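Each of the two complexes below includes subunit A, the first together with subunit B, the second together with subunit C.
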Partner chain A sequence: MEKTPLLSVRNLRTYFYTEDGIVKAVDGVDFDVYEGETLGIVGESGSGKSVTSLSIMRLLDPKGKIEEGSEIIFNGKNLLSLSEDEMRRIRGNEIAMIFQEPMVALNPVFTIGEQIMEAILLHQDVDRKTARHMAIEMLKKVGIPEPEKRVDEYPHELSGGMRQRAMIAMALSCRPKLLIADEPTTALDVTIQAQILELMKELQKEYGMAIILITHDVGVIAENADRVVVMYGGKVMESADVYTVFKKPKHPYTWGLLNAIPRLDIEQERLYSIPGMVPDPLHFPPGCRFSNRCEFKENRCEIEMPDLAQVEPGHMVRCFYYKKVENIHNSSKVGGAK
Partner chain B sequence: MSEPKPRSEFRRMMRKLLRNPSAILGFSLLAFFVLVAIFAPYIAEPVNPQMLDENGKPMRLDNPYIMPVITWSSEPIPPSKEHPFGMIQGRDIFYGVVWGTRTAFYIGLTVTLISTAVGIVIGSISGYYGGWIDEILMRITDVFLSIPFLLAAMVLTTILGNGLDKVMIAMVVFGWMGAARLIRANILQVKEEQFVLAAKALGIKDFFIILRHILPNTIFPVLIQASMRMGSLVITAAGLSFLGLGAPLGYADWGSMLNFTRNWILGTSGSSMTYWYAVFYPGMAMVLFVLAWNLVGDALRDVFDPRLK
Partner chain C sequence: MMNTNSTINRTFSEQKKQEVLLRIDNLVKYFPIRAGVFKRIVAWVKAVDGVSFEVYKGETVGLVGESGCGKTTVGMTLLRLYEPTSGRIIVDGEDTTHYFLPKWKAKRYVEKVYLSRFKNNNFQPVDELDRKYFEIFKNNGEEGLLEYLIGDLEEKRLKFRRDIQIVFQDPYSSLNPRMRVKNILAEGPLAHGLFRKSEALDRVGRALEEVGIHPTHMYRFPHEFSGGQRQRIGIARALLMNPKLIIADEAVAALDVSIRSQVINLMMDLQKEHNLTYLFISHDLSLIKYISSRVVVMYLGKVVETAKKKDLFEEPLHPYTKALMSAIPVPNPEYKKQRIILQGDVPSPVNPPKGCYFHPRCPVAKPICSQERPELREVKPEHYVACHFPGSL
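What follows is the complex of A and B.
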C-alpha cells in the first residue's frame, strides 16, 4: 500500500568546518519525495534549506562535509556511497537543479543554445545536430518565443524571466526524475514569478517528475507544493501536507511564519513578526533551537531538544507543547493564521 | 536582431581603438614589424656578395639567420649607400636588424605562448581545486618568483649550454609565474559564480568546467599581460645575448648585434659618437618593438577592461 519514495533523506547532517568552529548547517533532516509530487521546503535564510539541496547534489564547497550516518536514497541507490563519476552521471540527468539568480546562473560567454546542448550531449548519445534540434524543442516547450532565433542568443540578450525559462529548459533537457528548484522565482517580478511557477507545474505534469521547491516565500509554497517541510536552524520543525500546514500548523515557528503574512481579509494594524533573530549557527540555544524566539516556550525547551514526532498520520512536529498552538486554533474563530 | 549585436560590439571596440592615438601608434608599429619580418627575404636578400656561384651571382645563404661576413675589417664601417646602417664585425647591420625582427618575434611569441600556457594550467588547477593543491602550487610559484629572473635565466642557460633555444627554455622556466598568479586570482573570483555551480549541477566534468565555463571568463587579463610581456621578453633575450649566453656569434639577433659593439660603444678618444650607428639601429629596433607591444597591451586593456568602459 505504501509507495516507495523516489528520494528519501534520512538523518542528513551537513557540517561546515570553519575556523570559528563547526557550523551545523543541516543537523538531522528527514523527508521523502514521491514520484510526481512537489515537496516544498520553507524556512528563513540560514535554516539549511539550500545546504540540504546542495547535499543531495553533493555539490557542497570543500569546507562542508556530509557526516557519517546520513543517507540520501534516490531510486534505491544511496547517493552518498556513489563515486564522483557515478554521481556526475546522475547530476543533470536524473536530478537537475535550477537556481535563484537567472542573471548569473547562465554563462555569459556562451549562447543559451550551446549551454542547453552541452547538457544534452553530455548525457545522451546524440550528435550535435540532433542536440541543437532538441535544444530548440526545449526552448519552445518552456515558452520562449521564436526559439530558432533565441537559441543563438547570449544570456545578456534575454530578460530575467526568459533566462529563468532557459535555465529550466537546460535543467529539463535530459528529463530528470527529480528537479530541485532553489528559490527559482525569488529574483523575478511577481507577475513573472507566477508564470514560471505555472510553467514548472505544466512540465511536471508532462514529464511526471518530482520537484523539491525550496523557498522562503510561504505564498509560493501554498500555491505549488503538495507537501511541506518547515526548516529552522538546520532541523525539520514540522512536515505535513500543504493543507494541514496552512490550516492547522502545530509548531510555534510555523504558526509564527503564517502570522507574518499580510492578509487581505483581516484588518491588521501591524504585521506580526517572530521576535528576535535567526540565531548564529555557531551558537544555537541549548535545547530547542527555536526556544529563544518561541512565544510558547517553557523551561524544558531550553534544556532538551524535542524529537520530530508524529502527531497525526503524516504530520510530524518537533515541539513539546504543540498543543498550545492547537488551542489557539480552537479558540480563534478566524482559523488558520490568527 | 541577433546578428548585428556582436558586430556593433566589435565596432564599438574598433571605434575606441581608433580614437586612441597611442593605440594607433602601437598597432602601426606592430604592423610595420610584422611586415618587415614577413618580407625580410625581399628587404635584405639572404645572399653573400663575397661568394659568387658559377653564374657570377652572389650565393644564397644556407641559413639566412647567420649574418654573412662581407668584409674582414674589424672596425665598424659607417653607413654608406650599399650598407645604409653601416657595418660591424664585417657584417651588415641593416641585414641583421631586418632578420633580427624575425628572431624577436620568434623568441617573443614562443616564450610568451609556452609560459602563458604553463601559467594557465598551473593557475587553473590551483584556483579551481584550492586546498592543499593550491597551497603546494602557489608555494612553488613563490619559490620561482623569489629568484631574480635575469640571474636565474643566466644560471640555467649556463647549465643547459649556449644557444637561442636554451635561452628560451630558461625564460619559460622562470617566466610562467605571473600568468599563473593572475589566472588563479581570476578563477577564485569566477568559480564562485552561480553558472559554475549550475554547470556542476548538470554533471559536467571539472576539466570542461575549467576549459569552457571558467577560462573564457577570465582569459582577457592574461592575454593583455602576455602582450605586455612580449616586449620585455625580447629585451631579456637580448640582454642574455649581449652577455654572450644567447644566440651564437653572428646570428641575426638584436642582442648579439649589440654584443659586437662592446668594444666600440665608447667611440674613439675625444669623440664618443664615432660608432653611433652600431648601437643606434639595433637598439632603436628593440626600443620600438617593446614600445609597440606595450602600447598594444595598453590599448587592449582599455578596450576590454569593463571598469574603464
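What follows is the complex of A and C.
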C-alpha cells in the first residue's frame, strides 16, 4: 500500500442547499483508490454513496455544492480546482462512469454507435470512419453479438443487459484509468448481473483500470471488490480490505448489515434487524449518526461524533466502542460464515 | 384462520402436510398482442403457460424466477385481477375459477369442465374435487351441482376476496395518498361486515400495534410514513381481513437492507401467531431460502422445478435452478462456489423456443432438448423437475 493512490478523496463534503435546510449528503468522506483495484462503496439509500461519485465527476445538481476544504486528487491534480473545460477533458476520458439505468443514461434518439463515437471523437484525434470502426470493436469487446448491425440500433432495440454492455462500451472507449460504476447491475436480473460483473472483471484485467463499484448489495461487493468502504449518513463508517470487512467487521452498522441479509451459504435461524429507520439527512441525530439505531451505544455516542480511526493497519473504523463488536466475534458464531 | 380447536395443536404438523389450501391446476394466461387498424390479435404473450402447484395450510411457498417468468402474473391471475385463459384455481377444496365470470359464462365453465365429463357413462374421477362434485351430481343432479357451484356467486366472490389478500411491492403506490391510515385499514373489513363501525378504531389500532406502528398514528396520511412503515401498514390491511392466504408480491424488494429484515421477521412472527399461509413471490433466491418451506422455480411461464426448501437448495436438479443459485452474489469473499454464467437473455414469451424453453441457454442441452418439451415429473419424493436430464449440471 505504499504506492501513491490514483484517486484520493479527502474530507469531501457535499451539501445541498434546499428550501427545507442544508442536506449534508456527504459530510467528510475520505478514501483512496489505487491503480487496477476495485473499491466497493456500500451503503443504503441516503448514505451518500451516489453523491460521492457525482462529486468526483463534478456532475452535481445546481443545488449541490462541494464545500471548501474538500479535496479530490486524481493523478496528482485536484479535480475541484480545475476549470469546467479542463474537467470536461477528464470526464469520459480518464474517468468514466456507468449508471444504474442504461435506458435513462443512453440518449433514445441516437444510435448506440453514434453515442460511442461521440465520446471517441471528443477525446481522440481520429476521423469518423475510424471512430465508427473503434465503436464496433468496442461493442465486440463487451460481448454484443453482431456488432456491425447493433452499432446502428437505437437503445430501445436492445435488452437491459445489452444496453448495460453498450454503456460499458461507451465508458471504456477512451480507456479510462478509473471507472465509476454506480449500481451497474441493480436493474438487471441475477443471471444477467453475473454476466455483466464477469465482463467488468475481464475488461479491468485487460485495461488495468481501477473501478469504484457503488452498490447496496453486499454480495456483489464481496465477490467483486478488493477493498470496501461502508457509508452511512454521509460518512464513512468503516473501510478495510474485503476479507476483513466481511470476516471481522468492527463497526456496529457493518456488523448489523451483514447479519440482516438472507444468505445462500449458511443456515440462518433468524435475521438480525437493525432497529429504527434510515435517518432523514435533514435530521441526523447529534453525535454519531448511527447512535439512534446502535445497540452498542453509550452516552458519549449521542454527544460526540467519533473519528474515522485506524484500528489495525488498513482497517479504519468510526466508532468509540468497536471492541464490543470484536467481543461478539469472539463469543459467538454470528457475523461471518462458518 | 383461527384454529377452532386449539387442543389439536399436537397433531397439527401432520395435518399441515395434508391440508391443501390452494391448488393451481394447469394455469394458463395468455395476453393478446393487437396490431393494425382493426386491432386484430397478431400474437399471444404466453405469460403463464401451464403452471401447477399446491400451497398447504400454514406454510410459505416461495415462487421465484427472473423478470418476465410469469411469477407476478400467477399471483394476479389467482387473485382474479386477470381472468385465467384456462386452468383451475382451487381454494380450500372448492373450484373458484368461475367466481368472477358473469353467470352465463360461469355456467358454461361448469358444464365444460365438470358436467360434460360427469354425463359420460365411463366417467372416472381424477382427483378429490371430481369425487366431491360427482357425488353432488349423483345425488342432486345437474341442477343441484350448478346450484352448488354458481348459486350465490356474489356471496362466493366476497368470501374469496376476504380469504385471499395481497401485499404489493411498492408501498408508495399501494396506499391511497388521500386517505388516512385508519380509513385505509377499516375500509375493507367494514365493507365485508367483519366488524362494526363502532369497533373500527379499536380493531385498526390493534392491527397497527401488531405490525409495530403506534396506534395513534392511524390519523396520519401515508406520506407521513417511511417505506418500511408503509409496508407494515399494507400488511396490517391484509391481516384485518382474516385471510386464509396472503400473497406477498416482492413485498420487501423496494426496502433498504436494514429495513427489509425487520419486515421479513415481522411477517414470519405474524405467520406463527395467526397460522397464516403465504405465497411469497420474489426474484431473490436468498430471501426465498430464508422464508419458504417449499419453493417453486419458474422460467418463461413454466414451472421448471419445485421441491421442499431443503431439497431444492441442497440438490437443485434443474440446470436453470442451479445456474440461478450460482449467480446469486454471496456476501462471503471466501465462499467458493461453482460459477455457471448463463449465456444470452431470457427469450421472448411471444415466441418461446421449441422443445425445452431453457435449452438455448442451457449449458448441458442435448439434441432432444430442442425437440421435445420435458414435462414436470417427480424425480425424487416431492421433488419435481421439468428436465430431460435432471441433475446433469
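Note that the second predicted complex is superposed on the first by the 326 of 338 C-alpha atoms of A that agree within 3 Å, B and C clash if a C-alpha of one lies under 4 Å from a C-alpha of the other, contacts with A are read in each partner's own complex, and residues count from 1 in each chain.
Heads up, the rule we're going with is that contacts are C-beta pairs under 8 Å (C-beta built on N, C-alpha and C of every residue); 3 or more make two chains touch, one makes a residue touch a chain.
For clarity, every value in this text was computed on a predicted model and none was experimentally measured.
Undergrad: In the superposed model built on subunit A, check whether subunit B and subunit C fit or clash.
TA: Because the two structures are overlaid on the shared chain, the partners are seen to fit without clashing.
Undergrad: Would you please give the vertex angle at the Cα centre of subunit A, with arms pointing to the Cα centres of subunit B and subunit C, as a multiple of 10°?
TA: It is 80 degrees after superposition, to the nearest 10.
Undergrad: Using the superposition on chain A described above, determine whether A:S45 touches subunit B (first), subunit C (second), both, or neither.
TA: After superposition on chain A, A:S45 lies in contact with subunit C alone.
Undergrad: In the overlay, answer first, second, both or neither for which of subunit B and subunit C A:Y243 touches.
TA: In the superposition, A:Y243 touches subunit C alone.
Undergrad: Which of the two partners, first being subunit B and second being subunit C, lies in contact with A:I221: first, second, both, or neither?
TA: Only subunit C; A:I221 stays clear of subunit B.
Undergrad: Who does A:S81 touch here: subunit B (first), subunit C (second), both, or neither?
TA: Neither partner.
Undergrad: Quick one: is A:K149 in contact with subunit B, with subunit C, with both, or with neither? Answer first, second, both or neither.
TA: Once the two structures are laid over each other on A, A:K149 reaches subunit B alone.
Undergrad: For A:E157, using the defined touch cut-off, is the partner it touches subunit B, subunit C, both, or neither? Pick first, second, both or neither.
TA: first
Undergrad: Should A:Q310 be classified as contacting the first partner (subunit B), the second (subunit C), both, or neither?
TA: neither
Undergrad: Please work out whether A:N330 is in contact with subunit B alone, subunit C alone, both, or neither, and reply first, second, both or neither.
TA: neither
Undergrad: In the superposed model, which partner reaches more residues of subunit A, subunit B or subunit C?
TA: Greater contact footprint in residues on subunit A: C.
Undergrad: Of all C-alpha distances between subunit B and subunit C after superposition, which is the least, in Å?
TA: 8
Undergrad: Which positions of subunit A sit in both the subunit B and the subunit C interface?
TA: No residue sits in both footprints.
Undergrad: Across the complex, what residues on subunit A touch subunit B?
TA: Contacts found on subunit A: 57, 59, 62, 88-93, 96-97, 99-101, 104-110, 118-119, 122-123, 149, 152-153, 157, 167, 170-171.
Undergrad: Quick one: in the complex, what on subunit B touches subunit A?
TA: 1-2, 5, 130-131, 193-195, 197-205, 212-213, 216-217
Undergrad: Contact residues on subunit C for subunit A in the complex?
TA: Touch list, subunit C to subunit A: 66-67, 226, 228-229, 256-262, 264-265, 268, 283-287, 289-291, 313, 323-335, 337, 339, 341-343, 345-346.
Undergrad: Which of the residues in subunit A end up touching subunit C in this complex?
TA: Listed in rising order, the residues are 44-45, 159, 161-162, 189-195, 197-198, 216-224, 242-243, 246-247, 256-258, 260-265, 268, 270-275, 277-278, 293, 336-337.
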